[in-house]
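Pasting the structures here.
You will see subunit A twice below: alongside subunit B first, and alongside subunit C after that.
For the complex of A and B:
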């Protein structure tokens, strides 16, 4: 059966009209298959690829935003050398990895425990799930704002710890966000508060998908709860754990919003993430070509991690498929 | 275990059973205690924001802080919803600084709705082609997620230069007119479409994969064309999935901050950018109106999120529960 015949039977426009011919052309196998693909690829090229190529070009220029773009001169790899020898860049990058490691570890542990507890609860299960998923839906900027309200010197956190520190003669009105280490942990905790809900969600669906027969079989064969957890459930949950680690690490390395809202990178530069550092270089100091070179270096670093992540994801998802079959 | 326990061991077993029951009760109680504890951790910051939004300026920062507003007031909401406070003249105090939520609310709604709709439309069709014809090859599904994993700061720097410099230059030489995408709703929408498309495709793939191909095949056999089959057979079956995907993408755009902050400056303001504007210490922190804005941003999203929660769980399982 040819395509023209097929569309002809139900075509709305009269046969032979330009609209009908357009419709038939759009419905023909070749076009129909590729049209959405081409449209989407066109958007990616226009909005992502071309700007990226432009950035590559700018990264070889000697140019700051306060001078006209047309007068910029090529400078070779100068910007790249500058970025790679800039200690601020490396400190911010290292700190981002530190943030991500701390936050993701906490999120995984808390999310896993919560998912395990909820999956074994009968009464109030739906309510718990609803409440535990709320942080995910809250705009990160609002989370940042909320946590500034909690951390300020006359906030509720200080009120709660007041009875414990007051006897030692310490003023309980501590300025958490003015202390370098406390400011870093403020950012980490805000991230944990928000994204534990995502790891919880991933683990919850992991627990829901555990094959009941295997667990029951182990129980019938006399395995203790401890053994069932370590020997049966945990290995089966490995794909969910990989997914949670990959997705959360990727997101945690992008951390920007809570840094801006909570500390604005301060005190000093002690809580700058790499995203905030680059943002500041470009928007505050106008170092456009420096920013371009830095973002390309960053993209290379991230691309390596992304490939690693995708590889782990694909491997674990095929492992699931094999396991179920 | 034997079916009939020996009579001599019955009391001992009964005692063990009672101990087991007690232990199980204790465990259940502990479980609920932990879950309620974490629920409080989650709800407290949200409660604190809502409480602050009803506090008058004197109560924003007091020591000890007021857990419940002593004199609840709607002043903060009146302030942000007041129609052009700019006309009222110079604000007498910092707390009456005019800032209006209407413009940013309209910008946010417009940008998020349009970009979510376009992304949904394109993404659904592409998901259909991927699902049915394997367009783009076997690994296209995973490859497309990579775009999502690129940190937005890496996109933001090129886009700023692209919107503010390259497009004006190019259009001036080619068309003779300067078109600037920087600080326009179109510019922000375009990048939102590009960044959310991977999610749309990924989510719609899970829905479309579930539609049995035999249905389509039957329709085709009976003489329906491609577009007709798609419109009358496939789309009705994935309609609820499309609604969920739309809402999900809408929420993603609604929450987006870095790109909006970067690609707009004075004219277009989205709600997160508005909230951030009053965060700098030099302006005199306006905690109350900020809390009111935060509440306005949060409540609709949380309500929608709870409504689509069941689907979110499915969409976020990333294939872990696919059988």
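For the complex of A and C:
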């Protein structure tokens, strides 16, 4: 019997001491299994709940940061009414949905086609995958600055376009960053370039996970390549498609980096997204209360959409699982 | 060995003497700042100290030469944190909420000052200035009074960024151009006297790619004009077109008037002679484009002339003619207004542990002698603004006499941009509507109406009473180059 055992000490706490009792209590099955959750909940409360409650509180104040916070007064729903009656808010929100719809559609189509081609490639697959994943790994600031250079009116993009449009008498100098419509597409295309990598990756995993026996069975039964794709592969890829749609839509609705770096929301407000609009209201105009109210309203709008997306995701996964069975 | 030691000692003594001579500036303003800083350190029993400055990143390559000297003189190390100028105001306002005291000095445009004062994040210098006695002599009212807000000194400026017009000297001095231009307009080409004449010249000199004019074959197009027309820049140029005050004494906007609509019309109509992408351009695009020789004229910050001279690839090195800002029509007369479109200054954080010491550094840096050195610094972006700049050899060498004479004369017409709380929101409303006119979405009259409505909304939101008080105080100093009677 060791000295520790003899004296009844474990580590440094003597047996029966308060520390020992605390240690024993923490080590008990009932408490120990809850410990990890306490840490997680604490982080959740600190970084999510408290800031959220603070945002809700600020949204009910009349406060611009050009006045000390101590001077802020309660203003009820005034900020919410201001946000809901502010045309700039709705225009930016509508434009964000437009950006998201265009960008996500293009990313899905291009990502799907690339994934299909790469999944059927025999040689150099690894190289193609690596190259196609690179854009996603580049820091958005770098992407933004690179596209600024590409988009200038005498830049490479217009030079590439010139031979195709000039013979028809069309001015090849598209004002990518200063024309109201072109600027919107400049933002969308930069987003598509960077984030098609992600949809490609999701679809590639989808193609890799396709049950080979079903495809082979269809082939044996005399199905054409188109029928195999349309009747077998595409339905099985539905969960991957929904995942890609949900993830990319969530991100696209928050579009901010390309807007700031390429157009600063201009010309005028023509390429302003809702994230940019909010950033400007809060950090440039110091309208913290207005921004807080707008954030809460957006939270409800986006949360509804995300829940809808998740519902679709679950439903499609269940449907596919049923089909496979 | 002995003679060698003697020689070494002599060299060391000479070195020390030179160092001492460098430390002594013979500038009482700078010397007082150093002495007061030393006295403060002694009184607080501080041997060494570190202070932090939130720095406009334009100065990252030049500020070190000055902060090192300040450290040698006072044992106070200034650590600079460079940041893009668009991000600095939000950092300052975040500090107003966080109250950390992380930064002792803020380096930004004067236009950040009103919101910072309102938020209580910067302190007035007046008490320390009584002891330090800074010198603003030789600085035009439009520049010096933008250091004040509500009658108190909050900010010291070391940068004359009032706008200038530059035209291509080689073109206007071309004998064939002179002949043709004289025949058409009855006068010799040169600096345009008015905004209307600038547009007329822009139209005349606007040349397509491949054209041959005045014996010159243009392989690339030569645009008649260039100016800042993008979001975050248009508002800086607009006062050159608007000859009066933006508001009356009760903060009623004066933009939705005959003069306001005319200013919007002229501001936007010259765009057709500018590069097609001009609405997306800032300094990184405009400066190199000018240096590439593809524009006949440009309205810009004065440093464009220095860029045109010093840039290695510039083809306009000896081809720049600096001009006074053209006049604009205002109620039947012509007025000249050169907006101080940028031009950074230095403010002190209220939550600094040693705000007084931060002030002494600012007084020293902006003093006539050290300030001159900064303006002459080859890697600096501080532009001439003080009369003493005209006689400083290093500054003359860097900028050239013709430019210096012009920019100093221009400073007499310098006007401050709007210096009241919420100004960035007022500016943005103006910018957005100017962009809408330039893009053909709305007419100038509609833009004027929208700007008026937007500005009134901001005034109400910030607090009309407070805005009126700040506006009236500012106008009375003369910083806007006009009075309520004009």
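Going forward, the second predicted complex is superposed on the first by the 268 of 325 C-alpha atoms of A that agree within 3 Å, B and C clash if a C-alpha of one lies under 4 Å from a C-alpha of the other, contacts with A are read in each partner's own complex, and residues count from 1 in each chain.
Following the convention adopted for this analysis, a residue touches a chain if its C-beta (ideal position, glycine included) is under 8 Å from a C-beta of that chain, and two chains touch if they have at least 3 such contacts.
Quantities reported herein were computed from a predicted structural model and do not represent experimental measurements.
Applying the stated contact rule after C-alpha superposition, one finds that A:152 touches each of subunit B and subunit C. Of the two partner chains placed around the shared chain by superposition, subunit C is the only one that A:178 touches, whereas subunit B remains out of contact. Of the two partner chains, subunit C is the only one that A:64 touches; subunit B does not reach it.
Of the two partner chains, subunit B is the only one that A:143 touches; subunit C does not reach it. When the two structures are aligned on the shared chain, A:280 is found in touch with subunit C, with no touch to subunit B. Of the two partner chains placed by superposition, only subunit B is touched by A:291; subunit C is not.
Greater residue coverage of subunit A by touch, when subunit B is weighed against subunit C, goes to B.
By the touch criterion defined above, A:269 reaches subunit C but does not reach subunit B. Residues 69, 152, 173, 264, 283 of subunit A lie in contact with subunit B in one complex and with subunit C in the other. By the touch criterion given at the top, residues 64-69, 152-153, 173, 175-180, 183, 263-270, 280, 283-287 of subunit A touch subunit C in their complex. On the subunit B side of its complex with subunit A, the touching residues are 28, 31-32, 34-35, 38-39, 41-46, 48-49, 52, 61-65, 67, 122-123, 125-126, 128-129, 133, 135-136, 139, 142-143, 145-147, 149-162, 165-166, 169, 190-191, 193-194, 197, 201, 220, 223-228, 251, 254-255, 257-258, 261-262, 271-272, 275-276, 279-280, 287, 290-291, 294, 297-298, 301-302, 304-306, 309, 312-314, 316-323. Subunit C contributes residues 89-90, 93, 96-97, 114-116, 118-120, 230-232, 275-281, 285, 421-422, 424-425, 428, 431-433, 435-436, 438-439, 441, 461-462 to its touches with subunit A in the complex. Subunit A makes touch with subunit B in their complex at residues 1, 3, 6-11, 23, 26-27, 29, 32-37, 39-40, 43-44, 46-48, 50-52, 54-55, 58, 69, 110, 113-114, 117-118, 120-121, 124, 128-143, 145-150, 152, 154-156, 159, 162, 173, 193, 197-198, 201-202, 204-206, 208-209, 239-240, 243, 247, 250, 253-254, 256-257, 260-261, 264, 274-275, 278-279, 282-283, 288, 291-292, 295, 298-299, 302, 306, 309-310, 313-314, 317, 320, 324.
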